[in-house]
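Each of the two complexes below includes chain A, the first together with chain B, the second together with chain C.
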Partner chain A sequence: MHEPIIKGNMISIPSSLEYLTNIDDFIEGILRGFEVEESTIADIAISVSELVNNSVSHGNKSDDGKTVSVSIAKKGNDIEIKIEDQGQGFDPRAISNPLDEENLLKDTGRGIFIVNALMDKVDVQTTKDGTITTITKSIV
Partner chain B sequence: MKLTDREENGVIILEPNGKIMGGPDASLLHDKLYEFIDQDKKKVVVDLSGVDWMNSTGLGILISSYTTLRNNGGKLKLANVTEKIRSLLVITKLEPVFESYDTIADAVKSFDE
Partner chain C sequence: MEITKKTENLVTVLCLKGRLDLASGAGLKDEIKALMDKEQNLIHLNLADVDFINSSGLGVLVSIMKEIRMHKGRLTLSDLASYVQEIFEITQLSHIFEIFTSESEALTSYQSVSAN
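Right, the complex of A and B next:
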């Protein structure tokens, strides 16, 4: 298992939730450098934390020999973030609706729903090597 | 996340601080809650003024704390819900689940009503 590695606008962590704060510090630092307003920084940070949680726990199944990488770029008026893991992705249609009466008081199952609500665009691509989730948020 | 607690008029006030995003500190609040339930202290206010933001793990902690207390004959209420957290409660339709108050004093007082 290695420590978090930072190269330019990308950070890579072993698949352990103990590194969530490393990812958050990294992402929020770069967003402040881009002069993104604090409320939008929080929306993006929440979304990244949800997706990294998913990548660590479900994608890589907490195998700390596998890594999760997060890269961030400013493209015009958009912030684009890619979260990559070495798992086999997920089917958004297989996730039950957290707003349904029977799910309302469950303590899990809201992550992807929240990401979809906070971000302008969410794209998931799965290949034989892993899954790349790309989220986009306008900053104007 | 850091967590402090205090007692006021028989009501436990839990004060998480920072961001609630999961990881090693995810069970802090729930573990603390069980300590108080074991001591038969079941009136709880969670003061959210020091929480920058939370994700679905944080919401899950609030929900499980709420249901744990309710199932043990107690009650969990919220105080000082920030705009960011309130918007998450609204989009997840959890806002009506929690009694929330603008101040800790109002939340504590509500247990007498």
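Right, the complex of A and C next:
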């Protein structure tokens, strides 16, 4: 795959950060269709950006033969988004704390921390085929 | 990301517009490096028109701050959108950066420092 593919409420991209804006536009468009508040859209957009960045760079190791897929659904008062890659996953509890003094001035290491702070729920499941990260945010 | 530049007294003001992430941040880092090479080390970033920032963008700002400090300079920020401010607070970078409500307030602070 060399271009983003959209099917309903799912978008798939090759493992390259150049397609991050395609995912942002897609997610924000759907959320506006759900009439979600702009501040919540911003929280979700940055969280998806962090996780897709993670999937491309760390999960799929920027192998453009692999894909990252993002799907979005409204379930009652919640927005649920799944980010799927073909990598070996990560343990969100094993991420070092960027607020620790020795980490505060590092250039990297804040992505998952921000996602955990902005989303109501973050779930990571790794199978032999890859990793599915599911984030949930209430829109009430 | 678009960067427009102006000089107010000895302070170089860069107004950023668009996304601030790893890709767009590379241009900003180059701009800062060029300013440091010219010993223009008082830098103000106006973020009013930054409509997206992620952890990579924050990393770019941290990297810039370290570069400026290494050159004995000063970096200030202003006009953060509410959600950008929220990201700074979550990551506690709000305590690390000098953040002002407005560009004029930030520029006034440079005058206060030089007067002292």
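The definition used in the following text is that the second predicted complex is superposed on the first by the 138 of 140 C-alpha atoms of A that agree within 3 Å, B and C clash if a C-alpha of one lies under 4 Å from a C-alpha of the other, contacts with A are read in each partner's own complex, and residues count from 1 in each chain.
Rule of thumb we're sticking to: a contact is a pair of C-beta atoms (placed from the backbone, for glycine too) under 8 Å apart; a residue touches a chain by one contact, two chains touch by 3 or more.
Small disclaimer: the values here were computed from a predicted structure and weren't measured.
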Taking the superposition as given, does A:84 touch the first partner, chain B, the second, chain C, both, or neither?
-> neither
Chain A residues contacted in one complex by chain B, in the other by chain C | 17-18, 20-21, 24, 39, 42, 45-46, 49-50, 53, 98-99, 104-111, 113-114, 117
Per the touch rule above, chain A residues touching chain C in the complex are 17-18, 20-21, 24, 39, 42-43, 45-46, 49-50, 53, 98-99, 104-111, 113-114, 117-118
In the complex, go through chain B and note every residue touching chain A.
-> 19, 21-24, 26, 52-57, 59-61, 63-64, 66-67, 84, 88, 91-94, 97
Can you list the chain A residues touching chain B in their complex?
-> 17-18, 20-21, 24, 39, 42, 45-46, 49-50, 53, 98-99, 104-111, 113-114, 117
What does chain C use to touch chain A in their complex?
-> 19, 21-23, 52-56, 58-60, 62-63, 66, 82-83, 87, 90-93, 96
